[in-house]
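Next, two complexes with chain A in common: one pairs it with chain B, the other with chain C.
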Partner chain A sequence: MDVTPRYLGAGSFLARRDPRVLLLVPVLYFVAVANVADLRGMLVCAAIALVYYRAAGIPWRGVRANWVFMLTFTTLLVVVNSVFTAADTRVGAGEALFAVPLTGTEVTWATLSYASTLLIRYASLAMVSFPVAFAIAPSDLGVALARLRLSQRLAYGVDLTFRFLPSTVAALRETIDAQRVRGYEHSRSRNPFRKLASLKPVVVPVTVNALIDAEDTANAMDLRGFGAKHRTWMRELAFGRTDYLVMGGFLALAAVMTAAKFFGPFGEVWAP
Partner chain B sequence: MIIEVRAASVRYQTTGRQVLAEVDLAVGPGDLALVSGPSGGGKSTLLRLLNGLIPHAYRAEVTGEVLVGGRPVAQQSVRQLSTTVGTLLQDPRKQIVGTTVDTELAFGPENLGLPRAEIRRRIGEVTDRVGIRHLLGRATAELSGGELQMVAFAGVLVMRPQVVLVDEPLANLDLEASLRLMRELRRFVDDGGAAVVVEHRVEEILDFDPTQVLYLEDGRSGYAGDVAGFLAAAPVAHVKLPFETLVARAAELPAASGAPPARTAAFDAPPARTAVSDAPSARTAVSDAPPARTGGPAVRRGRGGSAAARLEYRGVALGYGGRAVLDGVDLALGAGERVAVLGRNGAGKSTLLRAAVRLLEPLRGAVHVDGAPVTERSTLELATTFGYVFQNPGQALFCATVGDELAFGPRNLGWPADEIRRVSEDALRAMLLDGEADVMDRSPRTLSFGQQRRLTVALALAMRPRTLILDEPTAGQDLHATTRFMAQVMAASESVYFITHDVDLALTSADRIIVVDGGRVVADAPAAELARDADVWSRAGLRQTSLVRAIRDHVHGAGGIPHPFDLARLIPHPEGTPPS
Partner chain C sequence: MSTEALSPRHSPWTIDSRTVVFGAVGAALYAVLGLFSFLIPGTQSVTVRPAVALVPFFGKRFGVITGFFVGFVGNVVIDLIQGAGLIWWNWSVANGLVGAFAALIFTVIPPISSEALRHVVTALGALIATALGLLFIITDLWVLGIDFNTFLFLNYLPALLANGIAVVILVPALDAAWEPLAKRAGL
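Right after this comes the complex of A and B.
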């Protein structure tokens, strides 16, 4: 299991942006799509998200597994929440296309349109969020958060997470090996409680050791002057013209979609 | 003076235990102070006192005077002290917080709020000074242990401290990397800085000319003064002293009790000078072992103490994710042998022995255990053949009581309750832990570190293995603890294979030494033969300690090596003092 932060989009258009842009765009995009209930409006937003995603230059091979997981999870979520449970689509019932076996829920065009909108909303949110994970240099994340007025300690905590993730996983592997030679095997039981209890020989040593190590690390940081209110961040961040353009574009999208909800057609579920 | 400690005493409020009593220390520019002493003697507490963690981070009652830069430590914050006192922890992995070398080096100056240009200037200066400019831009997660240590040191120097405190620099690394750090530290001192080095491996530090030695025992100053006085007064059983010092103090050396039982003719021989030279080996198996195969193309296959091979590698390549760490391994380790595996960090020592219990599978070739392919047995089934003990005891301990901890392995083997109780008691007895009050009902984490280490061996012994495999069994332990621990381990098992970077431990505890380097087994020979092979030491990055030189000069047989005390007694003192 490789948990080293994967900077897959290095050198891409988005990787060259100020990392704060990549952190703020998902927020603006969320504001934009949260107001869109119409499938056509959502498709417009998704097209913009796709262009943005492509600009991150993230190779498909590197994130295929992430996308499979994400799409499987969201499809299940959407189907359960909008099809099986007959979600309120806020338009007339319409003509029933078919009934879901077992639940007997009637599915209409409006139901399918609503489900598609939800699915595209989640997928496009993932498109604008993936660059945060794969197109920001790991060492830039802390400083970006600090410059977004997050507390210095919290921002550095993010950096520390990236720093200690690989060693924590290495410690986990080592602990599993140390217990395997004593006969430890992960439970194959279907009982979740039994499964959880079987993790004790691994979880307890890893947690206790991590806490002990954390004390040493906290001391080491204090001994190098950490904790003052003001600190210099070596990495300089400055918005460039392109950064402003990207931010402005998404700001405009959020504003337009919010206005469309109140004044235009995108506030309601579209039924063909 | 940069540091002045006068009659300092420390009592931790959490435990109520007094850990330092009436200790004095003065360190000025150009001083390299060595602080030595057994584990638990108060060395780490002294460092915490000097860098301000006591009293600022640890609740403790401090009496006496502790001045840094002429001001009491208690009146300065840890942050203020950090510009005067730099601290290098024992394990650099806990100290390094940056994801890249650049961010790591910038961390301290950033905290001081220095301008970026100044930070860049300091980083450039310190990387040139320490010789790590080529590491700039690299991810810290990809660095070797030695590189991490140097980066951590640079991260301290970049704060421009007047004095650097170094906690056990030799504990975690192979000597080559550790000594490089010590050379840089010496240069820092020569340039007008000062250093306090806590280390119980005295011999290696003496090469860097410490200006003073403070020996702490039970929190008290056992000796404070120059090196010559220390060498004359240091307790020989507790401090690893240069062999020449042992020879000079031969008359006062104690019997080598507590050492692993002797297996050599030289050790068993009467104390006459002739017994050392040309001593025949008492153990047929050892004397029958093939001559040292150091780097030659021939198949490296040693012979064990008994005819049967317990663990056999046949043309084996071992590695991770398809990348071979070791290749072309042909070895047979005997069912009654004590085998040490030596090599620098990352050479593949652990990789070699983990294949014995199927913690990794060979990329090529086959591993056999007791004549059968290892693949025929699971890791659990192999636990009754090999008791594998990891370096860090904390990785094994998870139960509420020692009794439950001991029962975990046997229970997995499906043994009945009364049998589990019996083997648990036997294992505790073998590791001398049965004398602890109510030990079975105690939490394993309440035991001392040394006791926890012995407990992890007991956990392996409770599964009745025929061979113990120990990964760095004595790292960070003082000489007395090491000697006692190894004696217990050797007595508890039919055979022992252990991984170490401690050359002297390998020489004095093993019948046979295997050296791995550059992805290959580069040497496989009885200890005495290996000591005489000058080539292997330089090629494999191993240090020729004073004991290695003494063996080369004075032990000519093919067998094992006598205990250093016995050897020292048999060698005439250069100034003419007759051996005892």
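Right after this comes the complex of A and C.
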């Protein structure tokens, strides 16, 4: 079981940026694409997101499964909600192209345009979000959050979480093996209650043992005066000119798209 | 015996070394155990993730900040491991709020001497915290542009059903196992 984050974009243009840029760009992009209903506006944003994603240098082989899962899930979500049913759809003024059997939902060009807009929105959000997962060194996350004015202690907590992952996996494996020696077998029942109850012999000891060990770690940190003074970090972060340019570009995109949604055409569904 | 979640010396809002370490341990546990899930038979997409029970448990035992940290950071780490990045950030906040609400609920519940009743109250409190915290995914209305019916019937209720089953069964079990150790350690 591999639970450590994969630093697939190491050495790429985005990996060389200040990690705060990679954390802030998705926020600005969310602002830019939220409630965009016009397919043309969404395509412009998606093109920018694609350029950004390519700059992360994430090898396709490493994330193929992630993309397949992500696109399958969002396509199902959009087709079911926006085409097959009227849960989240736009009919528009156009003539109905056809009606969906069983549900009877009338599909127009506006319906298809809006569904495409949603699908592209999800895919482009993934494009700006994947670099957070694959182009930030896990050891940089704590310091990046600290420099984003998150509490120093909580930022250290994020750092600590990543350090605990390998030992937690090892403890889980050890506990499962130990319980198997005692005759434990995971329930094959289809009853979710029984299935959950059968997990108790694994979840409870793993959690309790981790908490007992945590007490030692907390005592060690107390003895070293954790939290007594402002914490410093080995890794120095500083925005460079390129970082400002990338941030400025996405800030401008968010401002232009927000204005276009309120005063321009991008707040309405576009039907060809 | 009592349902008292936090020792008198700890405020639920304190951020000290214990808050940080227990939060980090909880988030790591949530991230590792959170990779296991199973589908409820007869449904299309309702999966039960047993690890969600850790969030209200940590909230109850270690306070608001730890509870929020475990739910939020644990969920973000799962998304990072699975490669989703920050797309579902509001679901991570919702998970964090489950832990925070659990801490607040159990802070105001008075001590209960009966063990059986305490388990029932623990399960109910965790369930209420889950129901309240998950309400944050209503932000999908603005983030993803879905309508209210989609939020309610496709997002909120299935998530509440799946998480509710897990917290009702596992939180009392975790709490019962931790109670004597916490007393011995003076936590």
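Throughout what follows, the second predicted complex is superposed on the first by the 264 of 272 C-alpha atoms of A that agree within 3 Å, B and C clash if a C-alpha of one lies under 4 Å from a C-alpha of the other, contacts with A are read in each partner's own complex, and residues count from 1 in each chain.
Simple rule for what comes next: contacts are C-beta pairs under 8 Å (C-beta built on N, C-alpha and C of every residue); 3 or more make two chains touch, one makes a residue touch a chain.
On a predicted model such as this, the values are computed, not experimentally measured, just so you know.
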| item | value |
| --- | --- |
| Partner chain in contact with A:208 - chain B first, chain C second, else both or neither | both |
| First (chain B), second (chain C), both or neither touched by A:116 | neither |
| First, second, both or neither for A:75, with chain B first and chain C second | neither |
| Touched partner set for A:160, first chain B, second chain C, both or neither | both |
| Partner chain(s) touched by A:169 [first = chain B, second = chain C, both, neither] | second |
| Touching partner for A:139 - first (chain B), second (chain C), both, neither | first |
| Contact breadth on chain A, by residue count: chain C or chain B | C |
| Touched partner set for A:227, first chain B, second chain C, both or neither | both |
| Touching partner for A:131 - first (chain B), second (chain C), both, neither | second |
| Touching partner for A:105 - first (chain B), second (chain C), both, neither | neither |
| Common interface residues of chain A - those touching chain B in one complex and chain C in the other | 4-5, 160, 162-163, 200, 204-205, 208, 212-213, 217, 221-222, 226-227 |
| Complex contacts: residues of chain C adjacent to chain A | 15-25, 27-29, 31-33, 35, 38, 40-41, 48, 50-51, 53-54, 57, 65, 69, 73-74, 77, 79-87, 142-147, 149-150, 153-154, 165-166, 169-170, 173-174, 177-178, 181, 185, 187 |
| Touching residues on chain A, where the partner in the complex is chain C | 1, 3-6, 23, 26, 30, 34-35, 37, 63, 66, 69-70, 81, 87-88, 118, 121-122, 125-126, 128-134, 151, 153-154, 156-158, 160-165, 168-169, 172, 190, 192-193, 195-197, 199-200, 203-208, 210-215, 217-218, 221-222, 226-227 |
| Chain B contact footprint on chain A (complex, rising order) | 4-5, 138-139, 159-160, 162-163, 166-167, 171, 174-175, 177-185, 200-202, 204-205, 208-209, 212-213, 216-217, 219-228, 230-236 |
| Complex interface listing, chain B residues touching chain A | 51-53, 56-57, 78-79, 81-83, 85-87, 89, 91, 93-100, 102-103, 106-116, 119-120, 139-141, 155-156, 159, 354, 357, 359, 379-380, 382-383, 386-388, 390, 392, 394-398, 408-409, 411-413, 445, 459-460, 463 |
